[in-house]
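Here's the structure, in structure tokens; my notes come after.
Which chain is which? They are A, B, C and D, in the order written, and residues in each are numbered from 1.
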Amino acid sequence: MAQDGKRIAFFVSNLSNVFHQAQADEAQRYAAEKYGAEVVVFDGQADSAVMTQNIDQVVAGGFDAATLHIWDAEAATPGVKDALDDGIVMTSFFSPITDTGIPTARSDEAGVSFEMGAQMATAWKEAHPDTPIVMVQLGWPNHTEVNSGRTAPFAAGVLSVDPGAENLGALDSSVGQEAAKQIIVDLLTQRPEVNLIYSESSSLTVGTMAGLSQLGRGKFDDGKPLTEIVASVDFDTVEFEQVYDPNSSLKISMGLPPIETAQGRIDLIMDVVNGDVAAATAPAEEFFYKAYTISYWTMPQDEAKTWLAAQFGE
Amino acid sequence: MTDQSQSPVLSVEALTKDYPGVRAVDDVSFSIESSTVHCLVGENGAGKSTLIKMLTGALQPTSGRMKVRGSAYEPGNPHDAREGGIATLFQELHVVDELTVLENLTLGMERSRFGFLVKSDLDDRVVQTLAAIEPSIDPSARVSSLSVAQKQIIEIARAASSGASVIIMDEPTAALSEREVARLFGVIRRLRETDVTVVYISHKLDEIFELGDAVTVLRDGKHIVTKPLSDVAGRSELIEMMIGRNVFQDYTPRTAVTNEAVLIARGLTNKLLKDVSFEINRGEIVGFYGLVGAGKTEIARALFGADKVSGSILFKGQKVGNSPKEAIAAGIALVPEERRTQGLFTSLTIRENIPVMNLKRLSNRGVFRSSVELEAADEYVGKLNIATSSIDKYAEKLSGGNQQKIVLAKCLFADADLLLLDEPTRGVDVGAKAEIYDIIRSMADEGNSVAVFSSELEEVLGICDRIFLLFDGSLETEVINGPDVDAAHILNVVTGGRGGAVQ
Amino acid sequence: MMSQSSTLAQPPATRGVRVAHFLRNYYIYFVLVAVVALLSVANLDKFDLFERGNFLNEKSIINILRVSAPLLTLAGAFTLLMVSGYIDLSVGSTMSLSAVIYALLAINGVPFLAAFAITMVAGAGLGAFNGFLVVRLKITPVIATLITLSLFKGMALLLVQDGVSAIKSGGGQKMPGWFNSYGREGTLLNLPMAFWVAVAVTLVLVIAQNRTLLGKYAAATGGNPTAAKLSGINTGKIVILLYVIVGVSAALAGIARSSFMSLGDPLSGDGMELTAILVVLLGGTAFSGGEGRVLRSFVGALIIMALTVGMLTVVPAYYQTLVLGAVLLAAAASNHLISRKETAS
Amino acid sequence: MSDSTKIGRTLLHTRRRMSDESFITLLVASVAVGLFLFASILVPNFFQLQNMLNLVTNNWAVISLGVGVTFLLVSGNFDLSVGGIVALSGVLAVWFSQSAGGGSALSTGLGFPYWLAVIGALGGALAIGALNALFVVRFRIPSIIVTLGTMMLARGFAQVITQGSQRNTNLPDVFGMLGNLTVFGASVKLPVVLMVILLVIAVFIEKKTVFGRLTYWIGANAVAARLSGIDKDRHVTYLYLFSSAIAGIVGILLASEFKSGYSNRGTLMEFDALVIALLGGVAIAGGFGSVVGMFFGALILAVVTSAATGLVLSPDWQYILKAIAVFVAILTQTWALARRNR
């Protein structure tokens, strides 16, 4: 049932992120193929102000529908209301825009983060029962969503296994992979006792692993942790090699499925268009998309490979 | 004389200023009577500029006192001095290129209400003063479009119309033509009639005698004498007081001059120049003389390849005129007109300034030979008698005349066969002038050639063997220097009276 | 020109020079028209320029003007400062810190006008601090304001509690309803207050530049600081005053941004210094000081915003940087060609 | 420094014991050492050899860029394009190396052999440098405008090639070689060694060659330099090509180290390079400054960053600390120089 000529605004918070990049690609392909719709990607450029102004451009640009990805719900509310008044179909991804009641698609990051923390703590305690756990997170310490979806639940997961674990806290690596590497090198020189590292995005993980290798760390001994265990987010082909390499300390990653997510976001819009989902309800309807725990310990390599092929198309 | 003139309008007592390593002004005391033109003379580096910078609040004295009309005077900045009725024309040009002529003339003196500019009689007054000195300058023109001389005139007009009771002028005529100088003197005399006191600094002693009521002589930062000019016997006495010897000299025909042309210029033409052709011979000192804007600088820059002209320039049979680099390689060096902006690297030391025009001698396959640099600096500081405590002194910290010597040293180090000197002694004192002339002569005697581009007749008549006379961009005629050279004829030609009279 | 025979007489301007002069003064407006035209036709298959979905429809224009408010507020003061030969790289951080302060005041129940006034005073204080570093401590402007860029940003982050990205509703506190209106709600011509404040600020600064001592002294200070000083102008005071004006403008920009977003984001001004420089240079301001027009920078800001926002729906976002860079270079090159024409003759 | 007697001839005129430049360099170095010692007191485990090494190895990229930027600043020109070039050359190296038949647009490259990819990437970097030179030298547009524009242009191209993201798949194994080659045990990688070599060469050029001196002359007074027969245009062109070549190599090495061409790599690196040069005493007006000063300027910032990381400080305090450190360093400089030349 092709809906000819619909123009859909597809928001991503930051196009320089591989997951969002893949999502955007798939959305364009999928919407055109399945619904004959045109998807225009709006890059939030990791900047709240840009995300907000983009919403107004949806109205001005004469779009028929939008799936938002914005960090500050409050900032988005007036724009979304304007759009609804104009009869534009609005849906949200990631953060619910509470006051407007539009349906939200989100993934359960917090659950995965918790599970990763717990698995890592267990693995470490098994290998080194006498070495106390010292953990650290690399990412965006002041970012509300990252904090609630990744940093905090991860720490909680670790503490659920070992209440005595020490948490150094989150370090700002927002500048990128070089910064992540620098931070790891500096931190582990001065605090060699750190042994659980959560690097909150795949691009940071590249830096984290480079820093570890420069310090002569980052290794497992045939599946046994030596100096530390590393967790990541945005599992991709590059991480695949390391997670399933029994001699690397990157052992676990949050798999965010770009294809599944993109299709879900487009489908949700079309469901609203077709009246299968209400345009706005109070409280807003939420649709959860699964985030996956891709783990050396709990997901067989073949399964991960299949997952990767399904989600990244190769 | 009025009652007011009984007490001095301005006096200094035991005034001293130290720079690191130099006492620029040393325990100087004298006073200046009201409604007079008081001249300040002294060699380069004697401390004249430093003294007036203290008077105008641009510098703070190390010790000593200043008084205005008998009461203590301690200006913290030029604004205080302005308020105290003292306006200054500094040695260096200080105009804002981005503003218009009128805006420059009123700068710092505007009338305003709540910060808003309001029209006032000031605007008319400054325009009138400007017109009295040089009527051809359009008050609404942007200053960036003006020539150096025109900018200087604007500064003079500004000081003259500031309404101050004391106006200090540090070498105001350095860049002016005789006609403009004459007009300026008219303005100064009129100011004196309206009870304004003028402190006048110049190296041109004729001006001192023509204009001054009293003179103060400084030497090495020390006060030598203050007395009415009527009590000074003449140039030689003044010069003696300045430097303790008499250096005034006449042209003596030279033997090293040959007939072998090293440089042949044919049909040089551009915006300003009109079909200029001439030759310069080996061993010869030629002069280019004309009023401001007559084209001297243009010719010098054209020969050096700094500006493009049509026509041909052959130097020792080789075509030149495309770039300064080419000219220097061929053996031509230029001392440019404005030393601070065109000649010197003020933020570098004396040592680093000198070798720039001869990189071959300075280096061995691109690698620097610091011994060459040191020796050169040492040699030229000695040879040109540059007054400095160290060869590592920043060029910025030298007096005007000593800076000029550094620029000359650069060219001498270049080992050039032809030296182009554009106003080589502008702002240079008589003693240093004589030294520079000696250097020019010995250069020529060694078989090199020198071209002097000057707006001082005394200068070209003093050293040049042959003089080209310029008017409005064209080379009118040439005169051979000698005991019976006709100065009146020369002045006639360069002021537009057309040449042609056979020498 | 009064006396033809004088050697000092200036040559009369030729026609080519006059055309060049005209172009130089107005080229920025042509650029604006060109950009708008390009975006309008680039967009679409249909030719009705004013229809919804096209660049030139009312909503789109209002939207662009609305989001432009912070930049428009800032451009004029930034220009005057650059005219005086100085620069403020901390404007982004000043903006962020002001936004956070304003949001903090609002969320804690301070009424609109009081919060507004306090934030402006804070902006003035931050600007004065920059002026103090530059004028009194004689630190090179680039370094001084890089220091405060870092300092103000740190302070803004410090004011926001750890683990949260901005001052916003939540945790029992709620932003008052008026907070969002200033930057968003349509007033005259359906444009928000924030936009009209930007226009007012620009008007004031245009007048300041053309009619007051401040404008003239800023040009003199930038054109030839020594000459300005020796003319008795207290250049230090002028420069400090200009920094204060920039600080206040940045605070107003911060207020506009935080109102529009309905939150006090400590990173919301990030990169603003670059955009401001881009805008001001596009408007023909000389980096070395002395030259520049407030109004042209205002237009420059409109161009940049029209491009960044307007391009969104035409090409993928990742073309943006490339296009902006190309526009800057093209503007610089054409400006150069014009002024060469102007001085030639 | 070099005594007059050492050159085998007695000078008639005295010399200053130390130039302002050496004085400033010494001062910056002392501030860096002072800060390091101070941090050693505050931060546990800070005072150790490995940590000192980290200060240099962590910052090889910025210090390398700082060399080109310093030379240009001394000549009176800005180069803000280096960060963009780092991104562009890295992205180009990856794009050229990626094998031709990938699954998606971003995993499909041109399939060049690695050496050719490197040359191509370097060519891209030099093209930006040439563009800088063209606009600055030919069109006489202020360098800050030009390089701001080319910075955006370079990064813009990188973003277009990576569609705003990165390319990191379908790369041959050799791609990761250069950036990860270790020398002298595990902790020193090839890029760091290259940086050291670059520094040595740069200091030699600066102090001992005519090329170095030309840079100072041009920066001190461009008009006088021209009238002294210096081909300023050519020299500045060389400097821009030199700086962009360094940035290009840095970009290629970083891409190799992380095996990715990331369009946002090197963001704000141009500012870091500028800041360390200025911190190191380079005058923004040109004609004054040194590469060694820039190096110590970089160390000052490195000490602060490293200490802040060791203390796991939140970003707010990191920014504030950095501001204070730069403030102290700069104030010490201006104050000491003023006293010296009083």
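Just so it is clear, contacts are C-beta pairs under 8 Å (C-beta built on N, C-alpha and C of every residue); 3 or more make two chains touch, one makes a residue touch a chain.
Being a predicted model, the structure only gives us computed values, none of them experimental.
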Open item on the list: According to the touch definition, list the chains common to the neighbour sets of chain C and chain D.
Closed with: A, B
Open item on the list: Nearest whole angstrom, what separates the Cα centre of chain A from the Cα centre of chain B?
Closed with: 73
Task: Whole-Å gap between the CA centroids of chain A and chain C - done: 36
Open item on the list: Could you work out how far the Cα centre of chain B sits from that of chain D, in whole Å?
Closed with: 44
TODO: Note the residues in chain C that touch 2 or more other chains, in rising order.
DONE: 157, 162, 316-318
Open item on the list: Counting only residues that touch at least two other chains, what does the list for chain B look like?
Closed with: none
- [ ] Going through chain A residue by residue, note those that touch at least 2 other chains and give them in order.
- [x] 15, 43, 141-142
- [ ] State which pairs of chains touch, listing all of them.
- [x] A-C, A-D, B-C, B-D, C-D
Open item on the list: So in the complex, the part of chain B that touches chain D is made up of which residues?
Closed with: 20, 304, 306, 323-325, 327-329, 334, 336, 341-349, 352, 356-357, 359, 362-363, 366-368, 370-371, 374-375, 377-378, 381-382, 388-393, 410
Open item on the list: Show me the residue ranges of chain A that touch chain D in the complex, using the header's touch definition.
Closed with: 15-18, 20-21, 25, 43, 136, 141-142, 168-169, 171-172, 175-178, 181-183, 185-187, 189-192, 203, 206-207, 210, 213-216, 237-238, 313-314
Open item on the list: List the residues on chain A that touch chain C in their complex, please.
Closed with: 15, 40-43, 45, 47-49, 52-54, 56-57, 59-63, 71-72, 74-75, 77-78, 141-145, 147, 151-152
Open item on the list: Which stretch or stretches of chain C touch chain B in the complex?
Closed with: 1-3, 5-10, 211-214, 216, 219-220, 222-224, 226-234, 290-291
Task: Residues of chain C defined as touching chain A within the complex - done: 51-54, 57, 59-60, 62-63, 66-67, 157, 160, 162-166, 168-169, 175, 180, 184, 257, 260-263, 265-268, 270, 309, 312-313, 316-318
